[in-house]
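The same chain A turns up in both complexes below, where it pairs with chain B and then with chain C.
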Partner chain A sequence: MDVAVFWVLAVLAVVSGAMVFRFDSMARATFSLLTSLLCVGGLVVLLGLDYLGIVIVLMMTIEMAIMAVFMVMYMMNPAGLMPMTMMHNKRGAAVVCGLVFLLLAAGILFAPWPARRGKSSADPTMELGMSLMGPQMLTMMTLGMALFATIVATVVLATRRGRYDRLGDDLRARRADDPVRGGVGR
Partner chain B sequence: MTLELFLLSAAALFCVGLFGALTQQSIVMLMMGLELMLGGVILAAAAAWHYIAPATADGQVLIVLAVTAMALEMAIGFAVVTALFRAREVDMTDMAAELKE
Partner chain C sequence: MADSAPLWAVFVLPVLLLVVALVTAGFDAVLTAGARGGRAGSVREAAVRAADPAREVLRQLVQQPRRTRASDVALARIGAALLPVAAMLAAVVLPLGFRSVSDLPEGIVWFNAMEALAWAAVWLAGWGPNSTLSLIGGYRFLAQGLAYELPHMLAITTAALGAESLRVGQVVDAQDGLWFALWMPAAFGIYLLSAMAMAFWGPFDQPAGRDVAGGAAAELSGADRVLFLGGRWLLLVVAAAFSVPLFLGGGYGPWLPGWLWTVLKTGAVLAFLVWVRRRVPTVRMERYVELGWVVLTPLAIVQALVVAVVVLNR
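Moving on, here comes the complex of A and B:
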């Protein structure tokens, strides 16, 4: 049973991953990517990591929903009504990817993988939590700082006019320099 | 199911994503390629945890790291596209090549 599930999920993940770059419609490409990443989540559950698998499934569902909105916003052909190609350097990229895959496959097949050591505990989620709050605390803190920096950076990048545009570099302007009068600081 | 099979499918995902990241002209599509590559990394980390060292949680921590990297990549990517589009009305990598010369 597990073997069948593995093959279905693995093949579906790779095929729908490849279809992302074949579809004309942006919505279809996004949902194809969603299918691929959901299959990855399923495979992670199959490996015994229930919590992380479910986290991946939930996160990817929301992420792809947001991505679909951005795709429709920023693409020249959101509906895919006319067939078009948006690729450059296809042949070179195919060669590079083929070589990378061969290299990885050779490493996977010929590396002397160590035998399985130890047994997983009855509750891997508990173990993950204890690890993140214990020996891996530095990792957790780094991730937290990175997430916080991302919040700041995305807001800075995405704002059209910040307070320095409105009130000058030292924030001392008596009047806010707004294109439209009114609002706070008029 | 063996470690090799899982790692091979992870490598396939990684390479499909790499192909997308290298070929796509649209910045948003390029980010989709990066997501696929990170999906391959997640799968490989889970397989390594299960088949090599299930007694420790290090493999799981690696997955948490990759999932966070995915979220950060998408947030920053969309912010950059928004800033770029606002400044230049550009949504393709080839049109954002001012620094090339």
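Moving on, here comes the complex of A and C:
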């Protein structure tokens, strides 16, 4: 049963990954990639890491839905309702993808994997949490802050309007001047 | 501890959900007709009004479906079908009384992941028909998603934190004495808000709003429309039903059996949501984003902090 599920998910993941380059619509390409990632999430569940697998499904669904908006936004024809191709170095990208796939597959097949010592944990989610949050707490906190700072910095760099546009040169305006009606206190 | 149900429950669950969704839709239709044309004169008239949604389903199924030009039929179909499927999959961890189809060890994360599929579903259904209004509806839902998802995740995490488990059965067991809704009211309130927002319903119906001629559902017809709008009702029912094991003590209650308590509590939450829809005006998603990020998210974090301190000192 496990073997059958593995092959179905694995083949589906690879095929839908390859279809990203075949589809002539940005929406189809995006959701083909999402299918591939969801299959990977299923494979992780198959490995017994339920929590990680489900989190992959959760994160990737939301991420690819947002990604669809951005991919359509940055496209050559803005509404994105016309056929398109990924013109930018299609062949090069395919070659790179193929090479990386071969490299990883070769690594999987030829690496001297260690044999399992001891038994697998009864609650892998607990173990995962312990190993992330226990001895590595400082690393995780630093990482979290670094990621958060990156997000804030990116938004600050990307936005055209700052607080002086909103609240005037001396920041004393009683009402913020926003192009979009706000929700809190306005 | 929740037992896992026998295998036939897999087939009963969708039927049960459909019945509850149809009853809720019928109740809503009676209220709507009552508000428009006065109170129903007889029981028979009320029953005719309550059967309105069912008649509409049949009408959609037999009438000739419309098709827009250069539409991406495959994507629209996938989107429309994904919505009810996501609701059904999320319902797998719902306990009826103390039994769920599968009491996964990570049930709460599972529920969250499955309802997140609605993001993809609504956007696809909006994109597929190659029509401006439905595309606007799809984009609106993503904007709304950004508004509700963060406080929503924090709220359901708070419930898990209170029970020190991601297993829905253990969350229910932790409420044997005191319901979570009583000592984490902020998380409960945020959950109810996001339940409506995820089913784009009530004050959060802009993704399928009347101002864009039905938004994401504007161009859907026939079976696609039934699946999409039916899926939306299912999502509302499942989201309301999940608030029962998370915050309202699941099947616990005096005298009556557990399954009946679950049904009664779910019915009460659904009735409240139907009532809210009639009382609260539409909240546009750009307003809700700000409310969600400036007020609700910090509120949810403070609530989680309070619960964490209580749990640590237990």
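Assume the second predicted complex is superposed on the first by the 130 of 186 C-alpha atoms of A that agree within 3 Å, B and C clash if a C-alpha of one lies under 4 Å from a C-alpha of the other, contacts with A are read in each partner's own complex, and residues count from 1 in each chain.
The rule is simple: a contact is a pair of C-beta atoms (placed from the backbone, for glycine too) under 8 Å apart; a residue touches a chain by one contact, two chains touch by 3 or more.
These numbers come from a predicted model, not from an experiment.
In the superposition on chain A, contact of A:Val55 is made with both chain B and chain C. In the superposition on chain A, A:Val180 contacts chain C only, with no contact to chain B.
In the superposed model, A:Met137 makes contact with neither chain B nor chain C.
Contact with chain C, but none with chain B, is seen for A:Asp123 once the two complexes are overlaid on the shared chain.
Look at A:Leu34: by the touch rule set out above, it reaches chain C but stays clear of chain B. When the two complexes are overlaid on their common chain A, residue A:Ala65 makes contact with chain C while staying clear of chain B.
In the superposed model, A:Phe101 lies in contact with chain B only, and not with chain C. Contacts of A:Ala93 after superposition on the shared chain: chain B is touched, whereas chain C is not. Set against each other, chain B and chain C touch different numbers of residues in chain A, with B touching more. Of the two partner chains, chain B is the only one touched by A:Val3; chain C is not. Residues 55, 66 of chain A are contacted both by chain B in one complex and by chain C in the other. Chain A meets chain B in the complex at residues 2-3, 6, 10, 13-14, 17-18, 20-21, 29-30, 33, 36-37, 40, 43-44, 47-49, 52, 55-56, 59, 63, 66-67, 70-71, 74-76, 86-90, 92-94, 96-98, 100-101, 104-105, 108-109, 113-114, 116-121, 124, 127-128, 130-132, 136, 139, 143, 146-147, 150-151, 153-155, 157-158, 160. Considering their complex, residues 1, 3-9, 11-20, 22-29, 32-33, 35-36, 39, 42-43, 46-47, 49-58, 60-61, 63-65, 67-68, 70-72, 74-76, 78-83, 85-86, 91-92, 94 of chain B touch chain A.
Residue ranges of chain A in contact with chain C, taken from their complex: 25, 27-28, 31, 34, 50-51, 54-55, 57-58, 61-62, 64-66, 68-69, 79, 81, 123, 125, 180-184. Against chain A, the residues of chain C that register as touching in their complex are 70, 72, 74-75, 78, 104-106, 109-110, 112-113, 116-117, 119-120, 123-124, 127, 130, 135, 139, 142, 145-146, 149, 166, 283-284, 286-291, 294-295.
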